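The same subunit A turns up in both complexes below, where it pairs with subunit B and then with subunit C.
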Partner chain A sequence: MLLDVRDLHVEFRTRDGITHAVNGVDYAVDAGETLAVLGESGSGKSVTAQAVMGILDTPPGRITAGRILFRGQDLLTLKEQERRRIRGAGMAMIFQDALSALNPVLSVGDQLGEMFVVHRGMSRKDARARAVELMDRVRIPAAAQRVRDYPHQFSGGMRQRIMIAMALSLEPALIIADEPTTALDVTVQAQVMDLLAELQREYRMGLILITHDLGVVADVADRIVVMYAGKIVESAPVHDLYKAPAHPYTRGLLDSVPRLDRKGRELYAIRGIPPNLTRIPPGCSFHPRCPMAQDVCRTDEPPLYAVSDGRGSACHFWRECLHGPDH
Partner chain B sequence: MPEQPHQPEGAIAGTGMGGAMDLGASEAVTLERAPGGPPGTGPAGRPRSLWSDAWRDLRRNPVFLLSALVILFLVFISLWPSAIASGSPLTCDLAKSQDGPGPGAPFGYDGQGCNVYTRTVYGARASVTVGLCATLGVALLGSVLGGLAGYFGGTWDSLLSRLTDIFFAIPVVLGGLVLLSVVTSNTVWPVVGFMVLLGWPQISRIARGAVITAKQNDYVQAARALGASDSRILLRHIAPNAVAPVIVVATIALGTYIALEATLSYLGVGLKPPSVSWGIDISAASPYIRNAPHALLWPAGALALTVLAFIMLGDAVRDALDPKLR
Partner chain C sequence: MAPTTEPILEVGGLVKHYPLTRGILFKKQIGAVKAVDGVDFTLGRGETLGLVGESGCGKSTVAKLLCSLERPTAGSIRFKGEDITGLSGRALKAVRRNIQMVFQDPYTSLNPRMTVGDIVGEPYEIHPEAAPKGDRRRRVQELLDVVGLDPEYVNRYPHQFSGGQRQRIGIARGLALRPEVIVADEPVSALDVSVQAQVINLLDRLQSEFDLSYVFIAHDLSVVRHISDRVGVMYLGRIVEIGRDAEIYDHPTHPYTQALLSAVPVPDPEGRAHRERIILTGDVPSPVDIPSGCRFRTRCWKAQPRCAREVPLLAVPAAFRATPGPAAHPSACHFAEEAVPITPAPPREHGVNGDGPR
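Then we have the complex of A and B:
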């Protein structure tokens, strides 16, 4: 297994108390596999990724329990210097908004080349040549001329390609893409996703795709985990999940997607708001918003029940959910 | 205008709507430089950075040009005062005490019979040296301390913040009277040292704030996620984005350091005779203000002009470096 996250807990000390951002997340990614992490804002999907990358702000953040095994090695036991060597070369991250994730005062060539200078000790000139190669790889037209340009001179799609090129530069084994297409408009989204999927196949990288966009996930992901209030509520191969969700939250998410065959009807919305992470409800954390909630949900926290081989749901009533829509 | 009404409109639409109409091929099209140049490229199609943008703004700003001209002239006469003033500022003839303008002395003579023109020209050196050196020292010390405190935060940051509070509480003139009155050396260096000692907290605060702001940018986290070390992040990613406010404050402070040098010299704790400084001359001429006002007005005027030039320069630089004012 390339990456194996086990029982990860992350909390933040804030003025209002302790925010439990991640509460026992398990997931694993193999080489060449794409894992989609789905969830709304505040579900802990980005914090988990930051913990894996080792770029969590500590303090206020703190990893209180769990292990992050990368190629069998527990990253949480490594020294900062050793982790830094893994970042970029072993695993890399693609950020949501390339405009703010690229330094405005450095040319894109400098920023792409920096990877080779930092990790490979290349000269500036060689690094620049590699930068041009990379820009060609992600299909930026006239790369040799544009290598001296600054981030603001590129369109949104092109900037995200540069971000991807930066993450890919050292051919890492694992890429974490944190909502890579959210800041782009729809047509460019598809191009960027296609490019990312293609490069992933070519280099046989593991890809963790963090998103709240169900449309993006369906085409590229192999497996999908759905996060709610810092926990995984459903984990499944992507097609099984789309066919029949085994958790009412997943069902709610799928029903909230506008569909052409339901034109004219009111769009479904999950009622309520995500829980305050300083005071997560007891029992199943989704119960205040759940249309299927029973008394047991208010008191007993559901474990991740095995629904079938390679599939799990953290709902006491996963059978009912799987077999019949009831709203 | 009526002959070619569509030319400029077409160019604007072509570049402005590219982002909204990114459809496969058209995304590539927007990347090709239109004849008018897409937003963000200079007239020659060269990439534009904050600095080249600022320089372009400055070159067209009459305030900047005027103040830069005055400053260049000041630097020139501090380096080669003899180029425009003959004789020595220390050769004085008591017989000419308080005389008006005469041949070779367009500004007249002061109470000691010294040539006011020569002394005013030679006085520039002390002011410019003190101003530049103190600013350089303050900027270096302040930005290093403030930058490190802002980046690493924690205990050192709290400690430094309280330390700057203490230094802010020291009245400059009182501090100068106390600290410099024990100094016997008659060079500019004790004065420069005193200004650095009292001036660094100002820059340190600005640098700290700028670094904290820059640190929160996504590209800092991105650089860290790609394996950059603290020193690389600080020097390569944060420093270029945090240096603009430091430059602005330092330029404006330069003028005030020159005024402070004159103040301290006037009070007798800065430079002392036989050094030549506008502060000393103003101090020496003030008892004779009724009989020989020219001996006071020329060095005072030179001082005011110098301080004004540096403050105007700082203003112009601030306008150019602050994109929000564009």
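Then we have the complex of A and C:
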């Protein structure tokens, strides 16, 4: 297994108390595999990724428990210097907002080349040549001329390509893409996702795709984990999950998407709002919004029940959910 | 493409250019951002017209022009037959009452220092004739109730509410003056998926309750389809195709619409391997320097020399004029033809949630 996250807990100390952002997350991704992490804002999907990358702001953030195994080695026991070596060469991250993730006062060539200078000890000239190659690789037109341009001189889609190029530069084994296309228009999103999928196949990278978009997930993922209030509530191969969700939250999300056969009808809407992470409800954290909630859900926290091989649901009533209303 | 009911808004030849100037003392115009460059459409009473397009296509500028927040460079906007583009003073104020806007961002469009009651009641300060002073608090509470918020919340501040609740506050403010037209600019795109459906349902319910006509602007094509009777697709300041929702989504004839629809990720992994995708190359050209002829030709795989010379008009293409059918709707392309429609996802076997609560 390339990456194996086990029972990860992350909290933040804030003025209002302790925010429990990640509360026992387990997931794994293999080489060549795409794992989608689906969740709404505040579900803990990005914080988990930051902990894996080792870029969590500490303080206020703190990893209170868990292990992050990368090729069998627990990253949380490493020194910062050793982690820095893994970051970039072993794993790399693509952020949502390329304009704020890139340095505005350095040319893109310098930023791309920096990877080779720092990690590979190349000369500036060689690094510049590699930067042009990379820009070509992510299909930026006229790369040799544009290598001296600054981030603001590129369009949103082109900037995202530069970020992808930067992440790929040292050919990492794992890429974490945090909402890589959310800020892009739909035609550009299609270009960027296509490129990412192609490069992943070519380099046989593991890809963790963090998103809230059910459509993007359906297009590219092999496996999917659904997060809610800092926990994984469902984990499944992508086809199984879309065919028959085994958690009421997943079901609610799928049912609330506008679709052709729902035209002219009221959409299903999950009632209420996501919980405040300083005061997560007892029992199942989804119970105040759940149409299937029973007394047991208010008191007993559901474990991740094994639904079938490679499939889990953190719902006491996953059977009922899976088989629909006619149980 | 005419609406089925009597028109409440008629937009003709609408243009908005923002001048680009050089020099400080002696400003010289060196060009213009052609944000809206000749838009025509009609909105029927009680109807929802969706406007879709990518960023920079001019859809938000159209919204501002409709609400008289900007003055058009040229063209007309008729509200119940009267051209409102030249109005000023009292006449303008009276028209604005009838066309209200709901904004995209529920975080920045509400004043953080005002209570919810003051925000929702502020329109009455500007239009005192709409509600007598003693009656306002009751009216505000009624409005909160209508949009599904507890009327007891009048004294709270925006930061005490979630994104979805804030958008309800924005909608309540939009309804305060009992307008006939609501222009909603990306009203759900800042919201989480699970909350989007709540707000879409609310807008749907309010439309029939208050006999509203909507111009619904969004980039999310499936949301637009759900709520709209007719849909206009915008590209670089113009509508390139317009028609009933099924005509646009199932029988698009403009290559841009076809590419746009094919790029939308479908929330169904079955058949993703066979899905035909039209991947457009390049980016949208700058609205300062619009291509000659058809403005889409620089990214179009069908472009011919004719496309650079002749501007295609937004009309039913000749090929479909003789055969009335869903493909016979206005499309601004010299080579309009039907592509294979994208097959919709089949409904899942079980739907526990059905139509659900609102």
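FYI, the second predicted complex is superposed on the first by the 324 of 327 C-alpha atoms of A that agree within 3 Å, B and C clash if a C-alpha of one lies under 4 Å from a C-alpha of the other, contacts with A are read in each partner's own complex, and residues count from 1 in each chain.
Note that a residue touches a chain if its C-beta (ideal position, glycine included) is under 8 Å from a C-beta of that chain, and two chains touch if they have at least 3 such contacts.
Because the structure is a prediction, the values reported are computed rather than measured.
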| item | value |
| --- | --- |
| Which superposed partner A:136 touches (first subunit B, second subunit C, both, neither) | neither |
| Which of subunit B and subunit C A:55 touches, first, second, both or neither | first |
| Partner chain in contact with A:105 - subunit B first, subunit C second, else both or neither | first |
| Touching partner for A:4 - first (subunit B), second (subunit C), both, neither | neither |
| Which of subunit B and subunit C A:26 touches, first, second, both or neither | neither |
| When both partners are placed on the shared chain, which of subunit B and subunit C touches more of subunit A | C |
| Which superposed partner A:214 touches (first subunit B, second subunit C, both, neither) | second |
| Touched partner set for A:115, first subunit B, second subunit C, both or neither | first |
| First (subunit B), second (subunit C), both or neither touched by A:187 | both |
| Which superposed partner A:255 touches (first subunit B, second subunit C, both, neither) | second |
| Residues of subunit A at both interfaces, subunit B in one complex, subunit C in the other | 155, 157-158, 185, 187-188, 191 |
| In the complex, subunit B residues that touch subunit A | 18-20, 22-24, 27-28, 30-32, 38, 40-41, 47-50, 217-219, 221-229, 232, 236-237, 240-241 |
| Partner subunit C, residues of subunit A touching it in the complex | 40-41, 155, 157-158, 185-191, 193-194, 212-219, 221, 238-239, 242-244, 248, 251-263, 265-271, 273-274, 291-292, 321, 323-326 |
| Footprint of subunit B on subunit A - complex, ascending | 53, 55, 84-89, 92-93, 95, 97, 100-107, 114-115, 118-119, 140-142, 146, 148-150, 152-158, 163, 166-167, 185, 187-188, 191 |
| Subunit A-facing residues of subunit C, complex | 54-55, 162, 164-165, 192-198, 200-201, 204, 219, 221-223, 225-227, 245, 249, 259-260, 262-270, 272, 277, 279-281, 283-284, 344-345, 347-358 |
